[in-house]
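By letter and in written order, the chains are A, B, C and D; residue numbering begins at 1 in each of them.
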């Protein structure tokens, strides 16, 4: 990406964890932000060309995959390309207007996932408070800011800043290690992000039949080349019950010989592969078998010598 | 199950697709029904012994897995046992009070998934109607029945019967093949359901490390024994980002030699396996390799002869 | 081979089945023949440059591999290249001087393998004849021609012609389907034989350790690419008991994408690979999965498009 | 074997390495010995009941497999059972009558393999001596003892003792690590030898077709159960060119759960398996994964609990 994207969509409104993820990437500098109310709309703005890229959540360490994002990547009209990933600790805080005390709170607002992740705190500290659902954690903060009642929101600290309210209690989630993985998604009309040395590659694989062992065969394409998988996830193809496609994340970059060869193997043995991008790993874990790239180069040189009779 | 369960919980309220699924099984005859407001509560009533079994949704051909159900099966305190599965076409209908015409409708109520599955109908037939979210399709029908306004609900035909309203338009979903797979879940303190000849077996497998190829090895345990997989689904273990367990459905019954041997293989090579049950397939597809059971019996007889010197 | 070899060594003396194999190939036309008394000497003359190629037996359908040939190919100082293979039915005949009748025969001469393959004939038709060992079937014919006694040789019909004796009884071998596979071996300093569409490729693979599953891994390199194996044979490496190398014959030509990729896989995952040649199959069996070559080309084009952002 | 065999056949004549191997086993104590002139005859005497067991060579670390032994085990009328294996260093000595000096020797006698293994010694120390072939190393020693000429034999030190001649030069073989593996073969009508903790199991596997990957599948049966292979060897089935059976040696005893399960897997997926015995390893290498036997026991207990509803 010689020119950084200047218009970045994201799952809004302002004050969401997704906005926090977006603010953490270099592409965000000097860019204009375009909060969208749904994942589909954020991604649609990229497809239309209204935005250069969109930041959306892909999976959470507690809740699992974000199906809207997966389905857009797998089934959307045009192929998209993941340019970057962000791993963000999901530190949920209790947010309220200045002056409101914990003992006063009569209701707690958040999106259902937010509430689900704070059950222990709510039952021990606010057992009598009413729980009210909102469409995002940021929306909860906005409503709290507007209300005159002693109510609170469960959301990101960034939402307090955004809506001019306070963080009353920090880190009230049940699972202190909860993280969300976000991806910055662009159009696939340019080459993948340059290799960083600690890369991840994502694809979706479709099978045309359900012959036994189809998934096994696909995994073998990675295994025989020493390419480690970091995640595999199935999604229904929506055509009929029992038909699935598979999202696979592996270590390495599409420009690596072994990753390229594995992808060609998938292509040959499946009904279709959507390449979703190669991009730097947010956890900066170097590829376990990085040294093997030299083995591929050596083997290719050997094969050429054999084929030309110069061995 | 010599004595059929007499108390059956399900994801309510009355009028849901889950209730329709429950009504379709023989166990429902003579049983008392206990609608519960969440999947967790329905399953908790089984764990506590308040109910003998609970009917809950497991996956939908369009929306994918029902994570609440998966997480209860994988991480709940006690192991549960799937006794039966039901495949139900999800035929969403537009429900309204008698006398309300399509042209009059000002608002449509449903749970978000219900709305999502009827987008094409809504945009072409009711482009101006307001959309209002409810917690279930049955709740939408109940509210429509109570209201004096010309509003409608998107829900199961059974909900119209339940709440005394009419089916105004049948089958308004975008995807005419949409189906949901429900499971009737009991406690695991009794043997699995008896083999039917067209059975499915479900397990959850946990890995203690993330060594490359761990999933491949698990799949090989099935493949070498000719046991076909019908589904594989990953879920985060919630401990840290990047750690997953795997739900695997395979053909056959745990009492089959080859399924039993495959499960022992999983047990040996993984950090843990939760057996989720063997039960008749709702689609009554016979096991592709059923004849192979004889091969297992023959091989076992041969091995005994070798070991005893009577070959 | 722009210029056909003009000096061809073979396992002699004249009149052997090996000479018959050599006569069957186009390279033999206009060439001078150099019979050598051992396989090692025939091959040594190629290594030294005294001969352009040597015809030697590789395996027999009854006796198995010809170890001298395998060891020369695997362990000889320089790599050699199989240029062609010949499949020859081994029709052993009883040869005697003109005028000698079956009832008169007092002794039968042949090399031990020849005798071993005619046991049934000898015990039923010549139960009282002495059996005498010679170093080749041709040598047996030569001795019979020189002798004044009523003795006979077991050998190739070509030996009768060579030494001026008669075929007394045709086809006296126990196994009417016995065949020997011969190979014409040249130096590896020129490119492999051009593809014929029905090719075979041969390699020897060495492992540096004996980790469990090493052979399995090597076979997987072929299997994942749909390359069929036609033969696998182990030979001791002679360093210590329990260490072996593996001769592998597969379908296809080293210039095929899938064969080349499989060979690179072997190269990467083993301690060493000796390429022994790609050459037309004598049985002219087309490669089972020939159509797959297009899949490799398509997959390579797809990968290039992904890497360059032109997909 | 409650009663030790009292009649033991072996590949004779007296003075062979095979006799030395036989003398090293406990079964030889108090037994009567029956030297036979060929491997086939030694084994035939066991099949007929004339001998209780026969000691025969199976493979040599330099020369490879002994095909006569393999073919008897694979194709002989009745199944046999390997009771024990012996690893014997093949220390070839130059044997001559007392008083004969190295400088005097005019001819060297031995079987061809014996000559082949002493090439370096012969060319440097006895470049002018004639080489004469005999049918065994012991026969060479016998002829040397009978002759008045200054001739020598290449053979086992035991042959010098047997025929009353001297060891003139010790250890004249090219390969100081040369070893031969012998097996003591009995009838298969009794149970296998009792486990020793360091056992090996041998089988021959036949395939009914040549579908690609057949060998791979067989190896997988061992690999998925963590059973290490120590050797794999192919032999033609003698029916037609290109059809082979496979001799497989693996670690462990047929009474081990994992070995038994692997053998059942072979049985199911092949056209036939001949069990050739479980017996103590001569090199007393403990099974690498011995601890895994407990995993099999645990997995079996777990499966029983699942099947009976007592988990």
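Quick note on the criterion: a contact is a pair of C-beta atoms (placed from the backbone, for glycine too) under 8 Å apart; a residue touches a chain by one contact, two chains touch by 3 or more.
The shown structure was predicted, so the numbers you read here are calculated from the model rather than taken from an experiment.
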Where the centres are mean C-alpha positions, what is the separation of chain B from chain D, in Å? 58
Between chain C and chain D, what distance separates the C-alpha centroids? Give it in angstrom. 27
What is the distance in Å between the mean C-alpha positions of chain A and chain D? 60
In chain A, residues with contacts to at least two other chains: 220
Answer with line, ring, star, complete or other to describe the graph linking chains that touch. ring
In contact, pair by pair, are chains A-B, A-C, B-D, C-D
Along chain B, where are the residues that touch chain A in the complex? 59-64, 67, 87, 175, 177, 179, 181, 212-213, 215-216, 219-220, 223, 226, 228-236, 238-244, 288
Spell out the part of chain B that touches chain D in their complex, as residue ranges. 79, 188-192, 217, 220-221, 224-225, 254-255, 260-261, 263-265, 267-268, 273, 275, 292, 295-296, 298-300, 302-303, 306-309, 311
